[in-house]
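Data first, discussion second: the structure below is written as structure tokens.
Naming follows writing order (A, B, C and D), and every chain is counted from residue 1.
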Amino acid sequence: MSKLTLSMAQTMVSAALAKAADLGLKPLTVAVMDAGGHLVALARQDGSSIMRPQIASGKAFGALAMGTGTRWLNANAETRPHFVQALNGVAGGAIVPVAGGVLVKSAGGEVLGAIGVTGDSSDNDEICALAGIAAVGLVGDCG
Amino acid sequence: MSKLTLSMAQTMVSAALAKAADLGLKPLTVAVMDAGGHLVALARQDGSSIMRPQIASGKAFGALAMGTGTRWLNANAETRPHFVQALNGVAGGAIVPVAGGVLVKSAGGEVLGAIGVTGDSSDNDEICALAGIAAVGLVGDCG
Amino acid sequence: MSKLTLSMAQTMVSAALAKAADLGLKPLTVAVMDAGGHLVALARQDGSSIMRPQIASGKAFGALAMGTGTRWLNANAETRPHFVQALNGVAGGAIVPVAGGVLVKSAGGEVLGAIGVTGDSSDNDEICALAGIAAVGLVGDCG
Amino acid sequence: MSKLTLSMAQTMVSAALAKAADLGLKPLTVAVMDAGGHLVALARQDGSSIMRPQIASGKAFGALAMGTGTRWLNANAETRPHFVQALNGVAGGAIVPVAGGVLVKSAGGEVLGAIGVTGDSSDNDEICALAGIAAVGLVGDCG
């Protein structure tokens, strides 16, 4: 199980959105990337604003960029803003350093990809990201 | 009334500029975008400086990007500067996160577009944006 | 039916991929955008190469940019290459001007969005795009 | 009369669109820039596709960039494509080198601005641009 397949990614998206429905969250956008930082599946709910695909992708990419969830990047943005800014410089501005980007790992610790969620509070976004990961029996790293 | 037409956008521009005349404001630029963040109408008054079209557009786009008026972005720029900087990264620098970008909604809450105003203080810019929205019987969301 | 919803977009993706399976095509990536050129749903099949999300999106965006399917852009790239190059200049390089980007319209001719497909020949990509549109009872404009 | 005012620009936009209505053209977008290449007024008709503001602006800017209408650029794109490509390089991709961008001059030959029109054939776009210029008693240079 060394690859994150489209089937797995679609299950993750559905589970993340189901969690959001359970919690009564605002409209979300969910992006799932493979280990190379390339989109596998994306869904934007009705009413989720127009830059949400880029934000969800930016969270997933940020997690992969540093090898840990974007909660770590959010903390660093407060303590070492110059580092996070410079990281986004070398990344071409592709990273959104707030919670809600979660690294997806196998039980053995192999990085298989990442999921990024946006639309509600960053904490709630992250809860949905973890629900997506749990639905395929993998392990989330929030940072 | 599910679309923001050119006729509506031109009425919004005229009403915003009429409000500015009433208040004796500095020369303004007004941009009206549809729900997808694409210009429908723009007017730059004589004496309004050369980057004002981009600033007015950047306010309107910022409102649409996050699904709320740019007053919200201005507040976030103070509390979470790394988020607003990163948002502009994924948006290609197209967002101006200060008040004066107001989301345009139907009475039922559907996002129809946004209006961005620049040239005077952000508060006064926003007053003119709201006057534009009122002139077409729609609802403004300042953030 | 004035909006392209997530539910409709997911149906379009599934139908396009089902058509590809029927025809025995190579692994595809499918992107569905709303009328404003913003992603609603995207799926990349296992084995579809890493830039396919950008290519599928670039086809969908190209159709929306000009208001007709990308077959029109492909023809213009041959007869007026300077126009297509310049169009991509003002579009920030976001357009892929080959067949496989199909505009999605209502029966009444309103533009609701676009679907872009990539992975097999452009002609086969377009066949799958049309299958996606047919599955939601809308009308495709190939250009 | 050394400046192109907002009032003049709005008259030019209205006259260009009135000409299009007379001729039964497709939905247009019209952009009017001052002598510095900065937008003064823009209008996108209902049904004019989403990149049209950039295309109309790119025609107006192209006319100002070279000091003559974009018909000249279109001809050069065929005979000296490397020049037009390099021009767009130094212009940051802001130029659309096809007919429909017309320089606006005073009777004495002073450049006051430019008007760009897009949406129908380039020849028809140019006819509407010239109608806009005629409406304010100025002189058009098509290139």
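Note that in this section contacts are C-beta pairs under 8 Å (C-beta built on N, C-alpha and C of every residue); 3 or more make two chains touch, one makes a residue touch a chain.
In UniProt terms, the chains line up like this: A, B, C, D = Conserved domain protein.
As the structure is a prediction and not an experimental result, all values here were calculated from the model.
Q: Common contacts of chain A (Conserved domain protein) and chain C (Conserved domain protein)?
A: B
Q: Nearest whole angstrom, what separates the Cα centre of chain B (Conserved domain protein) from the Cα centre of chain D (Conserved domain protein)?
A: Whole-Å distance between the two chain centres: 25.
Q: Would you kindly tell me how far, in whole Å, the mean C-alpha position of chain B (Conserved domain protein) lies from that of chain A (Conserved domain protein)?
A: So the centroids are 30 Å from each other.
Q: Averaged over CA atoms, how far is the centre of chain A (Conserved domain protein) from the centre of chain D (Conserved domain protein)? Could you give it in whole Å?
A: The computed centroid separation for chain A (Conserved domain protein) versus chain D (Conserved domain protein) comes out at 44 Å.
Q: Can you pull out the residues of chain C (Conserved domain protein) that are in contact with at least two other chains?
A: 3, 35-38, 92
Q: By the document's touch rule, what are all the touching chain pairs in this structure?
A: Applying the touch criterion to every chain pair yields A-B, A-C, B-C, B-D, C-D.
Q: Give the list of chain A (Conserved domain protein) residues in touch with chain B (Conserved domain protein) in this complex.
A: 47-51, 54-55, 57-58, 74, 77-78, 81, 84-85, 88, 93-98
Q: Using the touch definition from the top, list the residues of chain C (Conserved domain protein) that touch chain D (Conserved domain protein) in their complex.
A: Residue list for chain C (Conserved domain protein) touching chain D (Conserved domain protein): 35-37, 64-67, 80-83, 85-92, 111.
Q: Residues of chain D (Conserved domain protein) touching chain B (Conserved domain protein) in their complex?
A: 3, 5-6, 9-10, 36, 38-46, 50, 53
Q: Which stretch or stretches of chain C (Conserved domain protein) touch chain B (Conserved domain protein) in the complex?
A: 2-3, 34-38, 92
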